[in-house]
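Submitted below is the structure of interest, expressed as structure tokens.
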Amino acid sequence: MADYRVYVGARTYDVRIEKDLLLVNGDQFEFDLESINGNGLHILRDRKRNIEAYLQSNQNGSYDIQINGNHLSAEVVFGFHNQTKTSDQKTGQIKSPMPGLIIDILVNEGDHVQEGDTILIQEAMKMQMKIRTPNSGTITKIYTKPGNQVDKGVLLISIDPDDNPNR
Amino acid sequence: MDMKLLIANRGEIAVRIVRTCQELDIPTVAVYSDTDRNALHTRYADEAIKIGPTKPSESYLNIPALLDACKKTNATAVHPGYGFLSENPKFGEAVEDAGMLFIGPRPHTMSIFGDKLLARKAAREAGLLVLPGPDQPLQGLPLLSQIGNNLSFPVLVKAIAGGGGKGIRLARSQDELADVVDLAREEAIAAFGDGTIYLEPLVQKARHIEVQILGDGNGKVLTFGERECSIQRRHQKLIEEAPASELSPKERDSITAAACQLGKQLNYRSLGTVEFLMDQNRQFYFIEVNPRIQVEHPVTEMVTGIDLIREQIQLALTGEMSLVQSDINPQGAAIEARILAENPEEGFIPTTGEISYLKEPGGPGIRVDSALYQGMEVTTDYDSMLSKVIAWGENRQIAINRLKRGLTEYQIGGLKTDLVFLTQILDSHPYQIGKIDTTFLDDFNPTELIPEETLTRYAAVAAALHIHKERNFQEHKEKEGINPWRQKAWQEQTNTGS
Amino acid sequence: MDMKLLIANRGEIAVRIVRTCQELDIPTVAVYSDTDRNALHTRYADEAIKIGPTKPSESYLNIPALLDACKKTNATAVHPGYGFLSENPKFGEAVEDAGMLFIGPRPHTMSIFGDKLLARKAAREAGLLVLPGPDQPLQGLPLLSQIGNNLSFPVLVKAIAGGGGKGIRLARSQDELADVVDLAREEAIAAFGDGTIYLEPLVQKARHIEVQILGDGNGKVLTFGERECSIQRRHQKLIEEAPASELSPKERDSITAAACQLGKQLNYRSLGTVEFLMDQNRQFYFIEVNPRIQVEHPVTEMVTGIDLIREQIQLALTGEMSLVQSDINPQGAAIEARILAENPEEGFIPTTGEISYLKEPGGPGIRVDSALYQGMEVTTDYDSMLSKVIAWGENRQIAINRLKRGLTEYQIGGLKTDLVFLTQILDSHPYQIGKIDTTFLDDFNPTELIPEETLTRYAAVAAALHIHKERNFQEHKEKEGINPWRQKAWQEQTNTGS
Amino acid sequence: MADYRVYVGARTYDVRIEKDLLLVNGDQFEFDLESINGNGLHILRDRKRNIEAYLQSNQNGSYDIQINGNHLSAEVVFGFHNQTKTSDQKTGQIKSPMPGLIIDILVNEGDHVQEGDTILIQEAMKMQMKIRTPNSGTITKIYTKPGNQVDKGVLLISIDPDDNPNR
């Protein structure tokens, strides 16, 4: 069993790979990847089709991927518990990176937090994950509470960043 | 045939010319610069000789080096292709002075069409309708009203040495004019070594229609019909087709007749293209002549079934045309798409990289003229055009569907290209109904062919699975001390398992 | 169109059918066996579904598995391609019973042509000239004289279930007959599950000429002209062309008329090919009908400009033909060469290996129908045909030169093929002047295209230089501890240096 | 400077490679070989042309080579074991032609060998090389054993040539 968080453009995918099971943001798929030649061509196979996916892996765990002539860039981090990219740096809005249960909230409205502080703990796929704040600032509002089941992308906490341009 | 042909060019057109020569059993000599030492044209040709460093001015534009290569290889003829020295009268002259055959128009003809004002004069004398505007260079900065020739803003500021869409700028108003003119002059000096400019009215929503001709140099001129090249980015053609979808037979006859008339007037020799703009009143205006083979010539070859390069070489060799006009009967429709090392999402900025995987399209009605090969390093040293896909069909719709199919099959690994963008153009309603003009791309916004979420999901899963396999393999390796070179084999094992 | 097409085949023909469907915007389903899980046809199709293990009997010949795949994917129609189940009436029946469209002739028609004796009868009834010989199976071993029908040695012993060149043996004399018959029976049982055989005279130095027809199933039959396929090895076609180079217009009319007559007689539906032998007195004898698309169909497509698969599908879908006879006007000449994983120097034994490098030909007049891809593992599990190159030209000579050029460009790394052999055939004088018949290869001895000493010298130098660089690199590596994965980069440095 | 004897079909070529000099059976050429992609395609370049040569090296130091669709097989041996006088030949000293692993030794001390016999197999870059004796003679001493990693130029085996002048 292994968990990967993959950032593709603005989107984030949590991919869990078990023996013959593959979960993407909690939904099950039957994907399989196979290298065709030494030159990056792979076949991404699901139940319905064979997709030609051309992969180039860069040193830093990021990938250039071509599918049907479209160029995409994906960044992979191990586990789901890494700094989330789903929150918007500018506005300081912390959103739920995946569907799951709110376990604990470690801050109160009015608190001042430093970039990288863990402010909330969410559980998904029976695994707890720390959500950190991408910027320093003051907690202006908390929109959820422990025990809540939230979907992906739901606004959880908003922060007034110290470097707020609108201020 | 008793000829040995040196091809003073590179890329797909050099490969294209070698192909015809092989079919004619004419030995070929490829020339190459440092970066091109392994290029496709150097391998397909019978001989290959280095002419200098990567910089075009020191290799493909270097006349002495090229003549030297001819001497060294005992070439008896030279084909200039397009671009580089193909429109340079001095080169043609030098080749002929050296006692070789130059496969192109007479130097004198080239010098006429090399000067856009002389070209306008020649066209007018031949009875062609030419865009209003003075036939002299712009002196100083008079008010447009003073210039007359019913010129009005917006107006085009063009370099007389320009051509092929290069050296053109737009001035919207009198106050803008000064700056634009200065800019145009600077550019012209930099690009053509000649800052002379002139004014030409801007034709709104024009269609670019051109006529392919072949002249024997003694007043006999054949036409192979017209092409439409209205899909352009920055005055550069992107998609071309034959025939022009919307011409009536009468219009077709009149425009091809006009082109032949100009050719006859000048005793035009070899292949040439007479370019026109059609305004919204379906009026044709002469703009320029390209005295050489053109990038988009394959669409004409596919509708006529005639190898234009072959006819051009045979004419040069024998002085006689092997065809009469009645041999030329265009059928169906053909469309060409240019594969560029450019990123349309970022204003067509050039892209670079190594072609690490390549699979070109095939099947019915598809032709690929390409200089690509796996392992090729794409740099910004030369033109960004890598390859062309041309589709033929009994009618325009079939050709469009075929070209879309062909472009979808094209796999170029390791480099961003305009492949998807081209497909989106072909897919768009305006293009499909032939509602196109040179401003098409200005207000074109592509619709995704595949939902973005689907693509990103595939990408995410592919990346995750790849890293997952790599990790497993690493562990596997550490456990069993497997030889990393066998990774692929191992992966395949595990995959067949899954 | 409201259709979802499952392609019950593999290889280049499956790819070929997908291409047409993409142009018609018809969703496709590819089926695959274990070894084919990454095959090109599975990637180009919109969907791909596994039908079983590598063994054909358990996958591509497995009717229940295919019907199951249709159900799973909600396919509404099935295209059988050629080979495999394409001529099996039971399959067509099963598909239609399942309420789907079968893109091919009626099962009843197939069962007639599946029995060579019934086919002879049908052809004779339609007024076609059929080779002499009894229309019943051979019982026991009578003297040839007793059989009558002016049969004489040498005589062909043929399986009634045979076809496509399979199940044919030659008996030169009465004493040979017994053994040959036994052998033929055994082979027929093994290959077709039916040991019934019959006798047919051997036509000396015959030319194989066939006619492409399309019938609407209600007595309307179109012809797309004839093809000549006289270049054969072991009764298997190797090079095919359209038109047949030596037919007079009168002969052409009579043979195509005969084919249409047979089609009308049977209310033939879909595409079919009526095969004839032309003897040295230019007499045509019917031999068999292939009730399906054929390997060599592209030569007809290139001279007519018509996509036969498209017409076949549209007919099946609408019941109407979109063409009339006057729409079909063959022009120029087209020639197809089959690229085989076989070694001609060793009696065409199959070759195997991984395609580790691939570069397919392009340029004017060249079409490639291929199932090849880099990384593909070529095995002996299926037919040895990997790819086809087809060339069109205004006349036969141009087509020959083009095809030679195309074959020379074809680079298939890691596997022995017949590429050079094909070029040598095209290069030979008898072929060039059209002096060909089905015995062409029996007494054909190829002349080398490049002096053997030149080739071996190149090989020697290449090998020596390669090992030399490896050694230097090895030392280099040990000195500087270079990462072996960077070998190529390093080699290029040293090379640019040299 | 390095010498290679290459067997191609019935033909034999002695290739001597120096810095910018290449001799084939004594005649000078200007060949250069360059790898185009990771898949065996090479350009063999001489003064006149670029030849596409497709190379696959087999384990045993032999090559499958495709040129213009023709398939050739070449076997490379280090050193010329003909009459050209090399120091090795005078003294009958077999030295390691490259750094690598000794895989197998096919002779024992005291054995008599014929010119061209394979007496030892060495491996480098996953390529096995047959080392042949440049002259007929008697094996006097073996200085290494299978499994040894040796540098280039190390004395491996010494032979007392039949035509030993000092005898």
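The chains carry the letters A, B, C and D, assigned in the order they are written, with residues numbered from 1 in each.
The working rule: contacts are C-beta pairs under 8 Å (C-beta built on N, C-alpha and C of every residue); 3 or more make two chains touch, one makes a residue touch a chain.
The shown structure was predicted, so the numbers you read here are calculated from the model rather than taken from an experiment.
Colleague: Across the interfaces A-C and A-D, which one involves more C-beta pairs in contact?
Modeller: By number of C-beta pairs in contact, A-C is the larger.
Colleague: Taking each chain's centre as the mean of its CA atoms, how far is chain B from chain C in angstrom?
Modeller: 37
Colleague: Rounded to a whole Å, what is the gap between the Cα centroids of chain B and chain D?
Modeller: Chain B and chain D have C-alpha centres separated by 50 Å.
Colleague: Once you find the CA centre of chain A and the CA centre of chain D, what distance in Å lies between them?
Modeller: The computed centroid separation for chain A versus chain D comes out at 57 Å.
Colleague: Which chain B residues touch at least two other chains?
Modeller: Residue numbers touching two or more other chains: 356-357, 373-374, 408.
Colleague: Give me the residue numbers in chain D that touch at least two other chains, ranges are fine.
Modeller: Within chain D, residues 34, 37-39, 41, 51-52 contact more than one other chain.
Colleague: Considering only which chains touch which, how would you classify the arrangement: line, ring, star, complete or other?
Modeller: complete
Colleague: Using the touch rule from the top, collect the residues of chain B that touch chain A in their complex.
Modeller: Residues 356-357, 374, 407-408, 410-411, 413-414, 416-417, 419-420, 423, 449-450, 453, 455-471, 488, 491-492, 495, 498 of chain B touch chain A in their complex.
Colleague: Name, in rising order, each residue of chain B that touches chain D in their complex.
Modeller: Answer in residue numbers: 30, 37-38, 42-43, 45-48, 356, 373-375, 485.
Colleague: Touching chain B in the complex: which residues of chain D?
Modeller: Residues 34, 36-39, 41, 43, 45, 48-52, 126.
Colleague: If you look only at chain A, which of its residues touch chain B in the complex?
Modeller: 2, 4, 6, 8-9, 11, 13, 15, 17, 20, 22, 24, 29, 31-35, 37-42, 44, 51-57, 61, 63, 65-72, 74, 76
Colleague: Across the complex, what residues on chain C touch chain B?
Modeller: On the chain C side, the touching residues are 15-16, 19-20, 22-25, 34, 44, 298, 301, 305-307, 331-332, 357, 359-360, 362-370, 373-374, 392, 394, 398, 401-402, 404-405, 408-409, 496.
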